[in-house]
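Got some structures for you, see below.
Next, two complexes with chain A in common: one pairs it with chain B, the other with chain C.
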Partner chain A sequence: MNLLGSLNYHLKVNLLGKAYLRFDRMRLSWRMRRAGFWKEEQLAPPLFTSPRLKELISSHYLKGRYANGRGPVAWVTSGGPVEFLTALGYYVLYPENHGAVCGIRRSAEGLCIKAESHGFSRDICSYARTDFGAMLGGKTPVGRLPRPDLLLCCSNICQTVLLWYRVLAHHFKVPLILVETPFLYREALPHQVDYVKRQLDAGVELAEKVAGRSLAPSSLDRVVRRSKEASMLWAEIMSCGKQRPSPITAFDEFIHMAPIVEMRGEQFTVDYYRALLAELKGRIERGVGALASEKKRILWDNLPIWYRMKRLSRLLAGRGVAMVASTYTNAWGELAEMMDSSRPLESAARVYLHPILNRGTGHKLETIKNMAKEYQADGIILHSDRSCKPYSVGQMDQREKLAGEMGLPALLLEADHNDPRVYSDEQAENRLEAFMEVLGV
Partner chain B sequence: MSSGEVSALGIDAGSTTFKLVAVDGHGNILWHMLEPSQPRLEEQARRVLQEASAKAGRELEQGIMVATGYGRNLVPAGRRVTEITCHARGVFTATGHGGTLVDIGGQDSKVIVIGSDGRVTNFVMNDKCAAGTGRFLEVTAARLEIGLDQLGRVALDSKGETSISSTCTVFAESEIVSQIARGHPIENIVRGLVRSLIRRVAALARSAGITQPLMLSGGVARNPAVKDFLAEELGRPVELPDHPQLMGAYGAALLARNRK
Partner chain C sequence: MSESIGKITVPGRKQAIQSYKARGGKLAAVFPIHYPRALLRSFDILPVEVWGPPGIDMGLGDAHLQAYTCSIVRAGLSFLLQGGLDPVDMIVVPHACDSLQGLGSILLDFVKPSMPVLPFVLPRDSGEPARRFLAAEISHVRDELCSLTGKNPTPEEFDAAISGEEDADGALAELLSRTAHLPVGDRELYRVVRSREYLPAEEFVKAARGLLALEIEEMRPGIPLVLSGIVPEPWEIFDAIATAGGRVAGDDLCGSGRRLYPRGRGDEPLTRLVDGLLSGPPDSTLGSAVDVRLAHLLDLVGRHEARGIVFYSMKFCEPEKFYLPQLQKGLEQEGVRSVVIESDLDRSMPDQALTRIEAFLESVT
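For the complex of A and B:
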């Protein structure tokens, strides 16, 4: 930390930035309440908490922009055990979330091309290519990403991250904490938990050294408590989708999940989800659905197609098809119960061993079956994501079993979460329309 | 085909051919039109519909039309339905039963499982490439200077078979060149090509789960080798409706008739 950096941060983030973002939130909230603001016929107006979400995300990237010089910065994978970094005062950046922002804002393609022009294959995950493009100086809609002082990579989401973070470590010449999580076919065994815990102990040591301070147990306790509370709120928010009509769609969740992924362990994240839950409960009480008319309910499996969210949500809503839940957003709520602030690192080892992508395809099928029952789904879309092989593997069999054993209409939709060049509107929408005809709408 | 008053029209604006079927009040096919799809699809649709009105002897209103196929949104019809639902309805009515329908069109292939009530219970389509579609045969046949009409006969009459390992249209084309250079007879290569296409389609059919009986539709079904090879590959007989290429348009016409 240096004095000049701190002053600059204080001025640009805490004074000017904060004031501007607050003003912007109020302006948006005011606009939303004006008559004639919402012109969509099939979709309900956005949630009133949305401007607050925009403020949170903008503020997160604004803090990132001026983070270097103020304190340590870490880049982490989406399934990374981040709590000890937050407790040590790190500014934490999630390249995958940043990738999603680039996807929504249509900048990912340019960043992918930049990465490819430096020799990265088109077969590599489009999040990784988006990140490499940004790393190589490509333009990002968030302005500027902070340089990492430390990298944290956890193998619980895929194997690509192992190579991806090595590239980052080589490029930025910074240390890398690698947490290897053995693949689980059933529940984690004690020696597996111990194996991950020992890696976390070593990780904490390295993170302390880079940050130049020791991890205070009270800080870690506070962060884990907030993480748990936010995850539980998030789970409750998603459960609202079980209502008929559903007050929230998975499309909404894809956007509103940003804080639980990249701002876990912060008090403002807990506050935000409390407000969102209250708003959803209000919708339920008033019988307000996320769609003007909900005729059928479906599930979504895998990452969203970030660059086509609006178009796809309109297409489905146009026929009264509400996408009420997704296995993807569910992943950030289903493990909340396992978090335990009294044994922070041991429980972290357990939690971060159990994400859906670190478990067998049979487990995923069971998760889908349970969700289909709980959410009273009439069908499911399995997004076969060219960029996310661990999520997509097994979908052919899962589709067959869901359609055959459960009689649940299931569509395999081929796309890519961030690279629009391998997506065909015509083909995808034709399949979706046929799927909706099968659903009878 | 019977004569009578046009009750409904089905228009299948496919990627390769444009089909129109007129049915009477009982759902019988009165007459049909078929021509290559043109780039100016809107103009083509207008012209074909004018011709259809002339043929019917009266102005045909949009309310009695259902359009399907990739170009369906450009056809001024009262309603638009995907070719999945239309093919299923057409084949179900034509054959009188459900089952698994394999439809190989110009630019996509699909496997549709049709329930005993005629409704679609499951479907899968080829991925985003020309493998397993009519386009695969079109491109490769052109390379061998064989007309699409003769392709099936040539394949069936060949004495041997050259293995074509690629299902990718572009790679298969270069594979053909090297097989010719190695002195393989053209008819053996043709047989290998049809086999390659069928293997791809059969894999798609297996992934959908095959419910007996097995049926085939789409323009590619006109190729007799396709039916035989598919039966061989999947180890069960394949049933072909009378007008396999018209099933989409026919199904559309039936949907239009029911809606009235």
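For the complex of A and C:
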């Protein structure tokens, strides 16, 4: 930390930035409460907590913009064990979340092209290309990303992230903590858990060295408790989708999941999810659904198609199809019970070994079947995501099993989560229309 | 069928399989890339590697895997579903990438072939936690093999199998280091090199030593190049390089040069095996650091006096593709030229690729 950097941070973030973002939230909230604000006929008005979410995300990236010079900065994979970094005072950036922001704001394509112009193949993950495009000087809607002092790569979401983080480590010349999570074809074996735990121990040591301070057990305990509480609240929020009509759709969840992914372990995240849950409970009490008229309910598998969220949500809502849950958002809540602040690293080894993406295709099928029953789903869309092989491989068999064994209509929709150049509106929407006909709407 | 190369004879894949079976041994079909060969051999199981095969109809595999999955995996699954792996007693799927991970998983959960499927995870690090993990992982696979075969090899048998594989790796290393003086073309050379994918170690040693015995004083003609990639498929790459006036001098291929494991250190057989497996050359599928890979490539260029590097890049292969821009930039900074030729198992080499190789060779002469 240097004095100038710290002063600059306090001026631009704590004084000016926060005041502006608070004002912006109040302005948005006020607008939302005005008559005539909402013109969509098929979709309920946005959740009133939405301006607060915008404030949280903007504040996160604003802090990042001025983080260098104030304290250590780590770039982390989305499923990474972040708690010890937060407890050590790192500003934590998730390139995948940044990729999603770029996808939603339609700047991912330009960043991908930038990366490709530097030789990166179009066959590699579009999140990675988005990140490389930003790394190589491309314009990002968040302004500027902080330079990392440390990288943390956890392979529990894919093997690709290690390759991605090797590129980052080479570019930024910074150390890389690798937490490799052996893929669980079956139940976790003791040597697999032990391996993750030992890597976490080594990771803490390196993170302490880079940060220049020791990890205080009390700080870690506090962060893990918050992380667990936020994850449990997130699980409860998603459970609201079991109600008829559902007060929330998976499209809403894709947006509202940002804090649980990139701001776990923070008190403001816990507070935010408490407020969101309260609002959803209010909707349930009043019988307010996320759609004006909910006729059918479906699930979503895989990452969203970030650049087509609004269009797809309108298309489905127009026919009364509520997308009530997704395996993707579910992943950030389903392991909350396993977190244990009294044994933070031991429990982290288990938690971070068990995300759906680190488990077999059969486990994912069972998860979908259970979700289909719990959420009373009438069908499922399996997004076959060109940029995410671990999520997509297995879907063809899963579709057959869901249709054959459960009689659940299942659509395999070819797309890419961040690169619109491999997506065809006409083709996708024709398939969705046919799927909705099968659903009877 | 066996094939004559110069004065030596290399048994073909089918012949090797039949003769091993005929003498009572078992077979394991093994997908790429890194796995404990010696462990299998200590159970009298011959590992026969599945790198496709190329040119196969992928229709059956495509019923399970999307078209953007690597073609080695799609072809391998198609081959299995066509009955191509019927002679084997088990399938081993090392965890080399997301596509192979997916293959292992759908084999266990959905395809469920008649033979057992054993996944195997090799860590992407070489520190103490990784060594402990790998030792435990190998022991776990060993327990599974005990229950599958009813055998329990003694430490001496395990040790002998490790020594046999180390000899074969040593012979392969020698072969790849002396290619400049072998009186055969690259196609013939790689018939021997790639027989490591299916021959028992002792037979591979014979084949390699046989070829090394033909060594000549003068240097093979052709501009020396390093060939880097997953697998030299389609084989036309060798013809293209030869036609353009080049030859493969240095090998950075996953199936050969990146599997030159040194002799492992340690008193216990398991420790030796672990040490050997974790001490091999850098490899994209092991997530090696860019700097380490770059240094290795520069070393290959220097040792073989190569004039450039041909990256033979397979479609949809993320491990290879992530590294290429930074490797090429690093090579360029060191004055080493390189070219990327994209290929795939189910395609023949396009004329455009041949032209690019020609142009590349012209630029390095």
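Here is the rule we go by: the second predicted complex is superposed on the first by the 441 of 441 C-alpha atoms of A that agree within 3 Å, B and C clash if a C-alpha of one lies under 4 Å from a C-alpha of the other, contacts with A are read in each partner's own complex, and residues count from 1 in each chain.
The rule we apply is simple: a contact is a pair of C-beta atoms (placed from the backbone, for glycine too) under 8 Å apart; a residue touches a chain by one contact, two chains touch by 3 or more.
It should be emphasised that the depicted structure is a prediction, and the values quoted were computed from it without experimental measurement.
Visitor: For the three-chain arrangement built by superposition, which of chain B and chain C touches the greater number of chain A residues?
Guide: Per-residue touch count on chain A favours C.
Visitor: Once the structures are superposed on A, label A:Thr86 by its partner contacts, choosing first (chain B), second (chain C), both or neither.
Guide: neither
Visitor: Just checking: does A:Leu163 make contact with chain B only, chain C only, both, or neither of them? Give me first, second, both or neither.
Guide: It touches chain C, and chain B stays clear.
Visitor: With the two structures laid over each other on chain A, which partner does A:Pro409 touch: chain B (first), chain C (second), both, or neither?
Guide: Only chain B is touched by A:Pro409; chain C is not.
Visitor: Just checking: does A:Gln427 make contact with chain B only, chain C only, both, or neither of them? Give me first, second, both or neither.
Guide: Once the two structures are laid over each other on A, A:Gln427 reaches chain B alone.
Visitor: In the superposed arrangement, does A:Lys389 touch chain B (first), chain C (second), both or neither?
Guide: Only chain C is touched by A:Lys389; chain B is not.
Visitor: Looking at A:Glu437 after the superposition, I want to know if it touches chain B, chain C, both of them or none. Which is it: first, second, both, neither?
Guide: A:Glu437 sits against chain B, while chain C stays out of touch.
Visitor: Taking the contacts chain A makes with chain B in one complex and with chain C in the other, which residues are shared?
Guide: Correct list for chain A: 396, 414.
Visitor: Which chain A residues qualify as touching chain C in the complex?
Guide: Answer in residue numbers: 118-121, 123-125, 128, 155, 158-160, 162-164, 166-167, 169-171, 178, 180, 182-183, 185-186, 189, 191-192, 194-195, 198-199, 202, 360-362, 365, 384, 386, 389-390, 392-397, 401, 414.
Visitor: Which stretch or stretches of chain C touch chain A in the complex?
Guide: Against chain A, the touching part of chain C is residues 63-66, 68-69, 95, 97-99, 101-106, 108-111, 119, 121, 123-125, 127-130, 132-133, 136-137, 140, 284, 287-291, 313, 315-319, 321-326, 328-329.
Visitor: Can you check the complex and tell me which residues of chain A touch chain B?
Guide: Against chain B, the touching part of chain A is residues 396, 400, 403-404, 409-410, 412, 414, 422, 424, 426-427, 430-431, 433-434, 437-438.
Visitor: Mind listing the chain B positions that touch chain A in their complex?
Guide: Where chain B meets chain A, its residues are 70, 81-85, 108, 119-125, 127-128, 207, 209.
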